[in-house]
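What follows is subunit A paired twice: with subunit B in the first complex and subunit C in the second.
Presenting the complex of A and B:
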């Protein structure tokens, strides 16, 4: 079979010293080298080397977990881009949000992509959870990964909630007023938690800055760590749940 | 204690004297773990302290509502900036919080219905702050009301008083 130009170039590249120093392996043509391709890559090594064909069928997962992760990546990229124009301060926050909508080139696209992807992500994570629940995906040996998933659901909701305040408009202000007052109904610790979260007694500059730090640093870090454990666990627990009768039917 | 009459003892367990012997390594490990624990606890306490601000730049909780003559008898006046109602009855003056006790929305005085209504979840109160309807768990609190030396009404939002307390001018 004649090799194409791209294959020739790739083969040539693979023989160079630089390529070998980075990848330390030949082309993935055998099962061993295919496994090495996964093991030897920091981004892929949490993923399973082999998957069952059944677990790749659309109805097995609807790819809801992958879809949630894809949305997380979209939100990270658009969020970082929004940070270039946003000051977490009063009154700049509201003006920056308006600037992003009406002045900055493609700002309205990025802002709406971030906003809508966030709403879709909450729905996707819930849908993923229901799907796993009704398929029995939480059963042994997946119990711990279910718990990690519940953690990820909470992180998603907290990310959504902290991001809610950042536009600093009326909707944001009253949503956080109501939400933080719900927190203060927690017995004994309610008011101290609300005080710590807001950095004061009212929703002011301190609260905006705290929600910004939570939204942009602490919660995304927590999400990344939990996502890594979640993906790694799928591999360690022997791949995705595939129903027996699905397996038999082929 | 003999091992024969203690059935709870697991088989294969070493005799208690050998177990009680603590090696230097175990001792140092435990000391180190305890030190790390104390340091971790201290760091947590210090961080929580750090995160609670000592000085707050928030609106003052004491304010002058104006001269008593500004308020007609039998009236409810909403002071927007401070989120407080100043009520004058035949008996005198009192100040009622305008912040709903349910989830912190700002209520509105509806003179046509002679009641205070919350737009968020539909709580309703009388002008005395007593709940008539809705999810609010408590009546609206009354704030301390005094007269300053120059004869102005002074409201202190940090000090709540009984509903029966009325300032006579």
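Presenting the complex of A and C:
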């Protein structure tokens, strides 16, 4: 078989000392080196080395979990870029939105992408959960991973919700007003919780700063930790659920 | 004369001296060691390549939409100027719709808490793990129980006049009760409904209610949370 110039170069590159020092292996030609590609890589080692062929079918997952994670990646990248242009203060926050629209190169596109991915991620996580439920993916030995998933759903909702306030326009302000008013209905603890979240009794500069820190630091960290556990537990719990009737049909 | 055992249980912690391991497979074992799991393939490249393609498809679609669909930006926040209606983000509009019918402690605190608790405990109910159809056994006892639950639920909802909750509830309750009277050979939909277990019906009901409330809250609610038609 004729190999192209790029393949030849890549093959040559894979055998160099530098490549092996970075990836700890040569070309992934045997099952041993293919295994090494997964468990010898710090980012991939939480994933299983082998998977059932049936779990690769589109209707087994529709890649909903993967899409949820990829949306989180897109949101992290666009979010960090947006942070370069953002001041969590009143009224600078709103002025920064105007700057993104009229001054920053591709600022509109950046904000569009971040907001779109956020909306789609909420929908994707919900859809992922319902799909896992109907496939029986919560059943033993996957019980705890389902609970981690519920945690991830809540983190996703809080991430989206805290981000909603940051543009500091009418839409943001009143949506957060409606939401935080619900918290004050919690018996006994309602008002203290609301005070803690807002840094005061009204939605002002303190609330904006708290939502900003929650949105950019605390909740993303929580999400990363839970995602790592979620992925790792798929491997430890014996791979994705393959339905019995699918196995019989072959 | 007994033959000397070829192995013995060791408790040494020296990895070089004690390389041999014995695996005991007990009755309650994890799925990983269960017999037939079907053909397996290597994650690299089979999974990694598919995930890479999925990521690219997602990014292309997102970029294509983000190029043309602008994120909304209204006037500077003004605590003195309340919009009517003031709406939460779309995923909380179902909750806001509930608040319209129920007292705040019920609609805003009790129901969401119950939903989260219910979601967490789902896998720890090891009832009907095989997913046996609801009407497969003990119909005589189950049918009045289901009817009773539905009637009690609808009575509470009617008392609060929660019409947008009642509509999907009636629809799903109709389905679950009707499926009791279906018999084999009445088409694929009938066979499908007859084979559904109770958890399927409960989750379908939850999704139907959540979806209805969210859509109504997003498109059909205007000033003072009154009913509006979005196309007018």
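Following the convention adopted for this analysis, the second predicted complex is superposed on the first by the 249 of 250 C-alpha atoms of A that agree within 3 Å, B and C clash if a C-alpha of one lies under 4 Å from a C-alpha of the other, contacts with A are read in each partner's own complex, and residues count from 1 in each chain.
In the analysis below, contacts are C-beta pairs under 8 Å (C-beta built on N, C-alpha and C of every residue); 3 or more make two chains touch, one makes a residue touch a chain.
Given the structure is predicted, the values throughout are model-derived calculations rather than measurements.
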### Task
Using the touch definition from the top, say if A:10 reaches subunit B (first), subunit C (second), both or neither.
neither
### Query
After superposition on the shared chain, which partner residues are touched by A:89: those of subunit B (first), subunit C (second), both, or neither?
neither
#### Entry: subunit B or subunit C, by number of subunit A residues touched
C
### Query
Touching A:122, do we find subunit B (first), subunit C (second), both, or neither?
second
### Message
A:206 in the overlay: touching subunit B, subunit C, both, or neither? Say first, second, both or neither.
### Response
first
#### Entry: Contacts of A:177 with subunit B and subunit C, given as first, second, both or neither
both
### Task
Mind working out whether A:109 is in touch with subunit B, subunit C, both or neither, as first, second, both or neither?
second
### Task
Have a look at where A:224 lands relative to subunit B and subunit C in the superposition and call it first, second, both or neither.
neither
### Common interface positions of subunit A, toward subunit B and toward subunit C
174, 177-178, 182, 202
### Task
State the interface residues of subunit A toward subunit B in the complex, per the touch definition above.
174, 177-178, 180-182, 195-196, 199-202, 204-206
### Message
With touch defined as at the start, can you tell me which subunit C residues reach subunit A in the complex?
### Response
30-32, 34, 36-48, 50-51, 54-55, 58-59, 62-63, 65-67, 69-79, 81-83, 86-92, 95-96, 99, 104-105, 108-109, 116, 119-120, 122-124, 126, 129, 131, 199-200, 203, 207
### Query
Which subunit A residues qualify as touching subunit C in the complex?
28, 31, 34-35, 37-38, 44, 47-54, 56, 63, 66-67, 70-71, 73-74, 90-91, 94, 97-98, 101, 108-109, 111-117, 119-120, 122, 126, 129-130, 133-134, 136, 138-144, 146-147, 150, 153-154, 157, 160-161, 164, 167-175, 177-179, 182, 185-187, 202-203, 237-239, 242, 247
### Task
Over in the complex, which subunit B residues touch subunit A? Could you list them?
48, 51-53, 56-59, 102-105, 120
